[in-house]
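What follows is a group of structures, each given as structure tokens.
Look for subunit A in each of the two complexes below; its partner is subunit B in the first and subunit C in the second.
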Partner chain A sequence: MAVYIDINRCIGCRSCEVACQRVHGGHGHINVHYVREYAAVPVLCHHCQEAGCTMVCFTGALYKEGERTAFDVEKCTGCGLCALACPFGVVWTDKIAHKCDLCQGREEGPACIATCPANALSDDFDLATRRARERAARTAAVGGKR
Partner chain B sequence: MLDHPVSQGALCAKGNAALEILYHPDRLTTPLKRKGEGWARISWPEALDLVAKGLSQARKKHGPRSLAFLSSSKCSNEDNYLMQKLARLLGSPHIDNCARLCHAPSVVGLNRTLGAAGMTNPIPDIASSRCIFIIGSNLAENHPVISRWIHRAKDRGATVIVADPRATPTSWMADVFLQLEPGTDVALLNGMAHVIINEGLINREYIVQKTKGFEALVQAAKDFTPQRTAEITGIAPEDIVRAARAYATSPASAILYSMGITQHSTGTDNVQAISNLALICGQMGRPGTGVMPLRGQNNVQGACDMGALAEFYPGYKRADDPNTIRYFREAWNATDLPPGPGLTAMEMIKAAGRGEIKAMYILGEDPANSDPCSEHVRQALGNLDFLVVQDIFMTATAQLADVVLPGAVWAEKEGSYTNTERRVQWSHKAIEPPGEARSDSEIICDVARSLGLQFDYPDAASVLDEINRTVPQYAGILRERLEGSSLVWPCPASDHPGTPILHCSGFNLADGRASIVPVSFSPAAEVASRDHPFILTTGRVAVHHNAGSMTRRSPSLISREPDLYVEMNREDAGALDIEDGDEVRVATGRGETAAYARLTDRLKKGVVFMPFHFPGTNILTTDAMDPEARIPEFKVCACNIFRRD
Partner chain C sequence: MIRVDTRVCLGCLSCSNVCPSQNITRSEIDGKRAVHWKRCKEECDLCVELCPAKALSLVPWDETTHETELSFDLAACRICGLPYATEPMLQRIESALPAEMQKDASGLEWIRICPVCRRNVEAEGTARQVVLARRKNKS
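Take a look at the complex of A and B:
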């Protein structure tokens, strides 16, 4: 599982950031980046299948647990190798490592998905791809114009 | 709240940060009275005694019309109902709330044209629109949840048109973006009406059966050819035509608007021009159609419904109608009630400046920050003999008070709220207020009792009970029906299901027809001049709320938008040698303020934008008002910008 982002939907309201902070004791793991004044993109851990961060973590604090890239705070030394290894820049260290844990243990699932006012975030791969296909089909049908 | 019909469990950033405000150390926890330059904590009996004395002295010495009351669109229906009842039983017609500063023109304009002031259709209904015309609203930042419904409509192929002087996250959703000059909305709307009439896209059957006044509109719109409209608004003529065609020809079109329409000296005209457009196309009374004023606070709709307005008693009964006075005299067992209209929010503060209003009771509002021309507001409030402010924080307005009463926030009290789509919902009490703070209804009742009035309401439900009897639209919205559910007014009987879509079968006006009220274009009160070459328009950002007394105290919100800034076009900034992040001075005829420059392509040349969540902004704005709705023109004023050095 991962959090899929529909960039066409994101309104850059930063609700996901504040929600993530709320459920993680003030440390958020999702960040909204703005493409000048034209679009916004929430950036967070991709939970890679072959996760660079887990490969460099010598204490095993970061490890794969099924699809999730999990994190054991007790084992983290704060060395920062994970931040160097992550190809997407979504792990960082501030005394210990910080990254998305897909709201482990939270019954309702990831807070960012539940809170996203625009439905831009989802954990449903089929929904994300269906929307993209439909958008492409509509664009083809009207020649990119209305 | 995954099952909530509108939000489906989603929250905006402010909602996610709400707990930070709930438990904030700055919360007021005891009544306070002014003592020299500082404050002394006092007991509730002493505070109530002081308030009773302050209000009754002014009343005795200068008459009941020397009292003024500001109620709050953040407070519950019950709080607002009690507040206006208190004002009127004391004999003062001067009761208003900050809906005056956001949607007063909607109340006036829509009551006149459609016979009901509120969103005509519910929010989820937007998903079934085939064309959504958003004008003067940055809903992606200010009503973020609505964007999920717009996207749902887009998924089904809807066309989205956005008209705004500023490119915003809302315009990211647009298929057609109309970047108009501030204050030219009437010209755009008349121009669209011109195209629709000229190309025969009107719904003639609807016009004949359901409306009156169409011929006058034909005359009024005659001169607004796309070319002329383009000259006034700065929009390309072909875009005006495209927008007009898309709106008129779609099987279901909705218009969403907000403060970009209302906060003008032509606010009422703007609203009427919107409803004209909907009426001539017959885009009304069906799913996916309608006219939707998006309200700015949680209970603007409710505060207006409850009659916390200068010109209306509860249920929009006109305050200048003798029948209204007779009705409420009987309902409230009162010997006499003041006919209206009373002074509006802005007018009462001006009257305080002139010494005509002597004492004020302000509930949960911060006019010292939120009103235009704020230096004058502070002076006027300082001029009062007695000011009592009831709030949760020591706001700029509370700083000017003689007595400050600590109120409760939503989670600490119970009551009903009416959201922007007229949906009435019950809010339960979850926790106790901090310290000695108390629920606002309790405080109002205690103040009323200490003034010798009969205010025997043991709880919010008993107030709602009275509302059921006195407000016809709420007659069937009983406390027990709100348990775990919600109802949309008008709901005239206890077995009525509520009315999500208005005007399905006609209009609540004489002969059941809507009025098409033609409007002519007049420019904003201020235009750019040599001394003030820029047009300043104000608005909101996603992470702050109104005057900011709550959100500027929230660490996770203030860290995201910490300072007052002024957005300006890169070319304009270049000519003044201003770079991104420079500290600049912004000056108008009223005063000047410091801000950080933010350079952008969002705005056309000559237009600058400032958020109004910081105290500096409203030092600048003009108090030019709409002549009918009495709303100040926050959206247009002429300013100049200088480098700091």
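Take a look at the complex of A and C:
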């Protein structure tokens, strides 16, 4: 599982950032980026199948647990190698590493998904592509106008 | 006392972070990172155990040895030009990751780019897809 983003829906309100910070004691792991006036893009951990951060972590603090890239704070020394090994720049260190843990231990699942008022975030891999197909179908049905 | 193998030290912040008595200090000024190992009498070996490069070892107390200080030039990001990591750390990443991971789909060597710029590249790339899709819908 990971958090999937439908940026056609993102309104750039940053509610996800606040929700993440609330759950993680002020240290948020999701960042909304604004690309000029075109789009708002929440940037967060992809939970890569072959995760660079886990490959360079020498204490085993970062490890794969199923689809999740999990983090054991007890083992982290804050060396900063993981932050440099992340292609997306979404792991950062400040004495210890900080990264998305998909709100481990939170029964309702990730707080960012629950909070997003525009339903732009989900843990359903098929949802974004299904919506894209539906949009395309609607466009075709009304003759190119939406 | 801590002995530092200056040839293998990465200049990361591991030892300084884990030292319970703040005997290892660091500073970052003008694109340089300096790490300073004070002469310590502790028998604790946390820093030795938790050094990713195995650069540290404990040696018997000796008053005549000097305190060790290492200075690293921080590599500059290829996009924004700001210093962000020591060269040995980047080389360690390059040797640990498989070659096909070290360039993204557009051939960008992302390891030489700072994490802040990596996030921007990621956001720009994702946004481009949306803008293209919107254009298609309008035409």
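We take it that the second predicted complex is superposed on the first by the 137 of 146 C-alpha atoms of A that agree within 3 Å, B and C clash if a C-alpha of one lies under 4 Å from a C-alpha of the other, contacts with A are read in each partner's own complex, and residues count from 1 in each chain.
As a working rule, a contact is a pair of C-beta atoms (placed from the backbone, for glycine too) under 8 Å apart; a residue touches a chain by one contact, two chains touch by 3 or more.
Quantities reported herein were computed from a predicted structural model and do not represent experimental measurements.
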Answer with clash or fit: subunit B and subunit C placed together on subunit A by superposition.
fit
First, second, both or neither for A:128, with subunit B first and subunit C second:
neither
Considering only the touch criterion stated at the top, classify A:56 as touching first (subunit B), second (subunit C), both, or neither.
second
A:70 contacts which: subunit B (first), subunit C (second), both, neither?
neither
I'd like to know which partner A:12 touches here: subunit B for first, subunit C for second, both or neither.
first
Cα-centre angle that subunit B and subunit C span when viewed from subunit A, reported as a multiple of 10 degrees:
120
Classify the contacts of A:89 with the two partner chains as first (subunit B alone), second (subunit C alone), both, or neither.
second
Of subunit C and subunit B, partner touching more subunit A residues
C
Answer with first, second, both or neither: which of subunit B and subunit C does A:31 touch in the superposed model?
second
Who does A:39 touch here: subunit B (first), subunit C (second), both, or neither?
both
Could you state the shortest Cα distance, in Å, between subunit B and subunit C after the structures are superposed?
8
Name the residues of subunit A shared by its contacts with subunit B and its contacts with subunit C.
38-39, 146
Going by the contact rule set out above, which residues of subunit A touch subunit B in the complex?
9, 11-15, 17-19, 21-22, 26, 36-40, 108, 114-119, 131, 134, 138, 146
Would you mind writing out the residues of subunit C in touch with subunit A in their complex?
10, 12-14, 17-18, 50, 52, 85, 89-90, 92-93, 96-98, 101, 104, 110-111, 114-120, 122-124, 126-127, 129-131, 133, 137
Which of the residues in subunit B end up touching subunit A in this complex?
2, 7, 9-13, 15-17, 19, 140-141, 144-145, 147-148, 151-152, 155, 157, 159, 167, 169-170, 172-173, 175-176, 246, 542-543, 556-557, 560, 600-602
Residue numbers of subunit A touching subunit C in their complex, please.
5, 7-8, 31, 33, 35, 38-39, 41, 43, 50, 52, 55-56, 58-59, 77-81, 83-93, 95-96, 132, 135, 139, 146
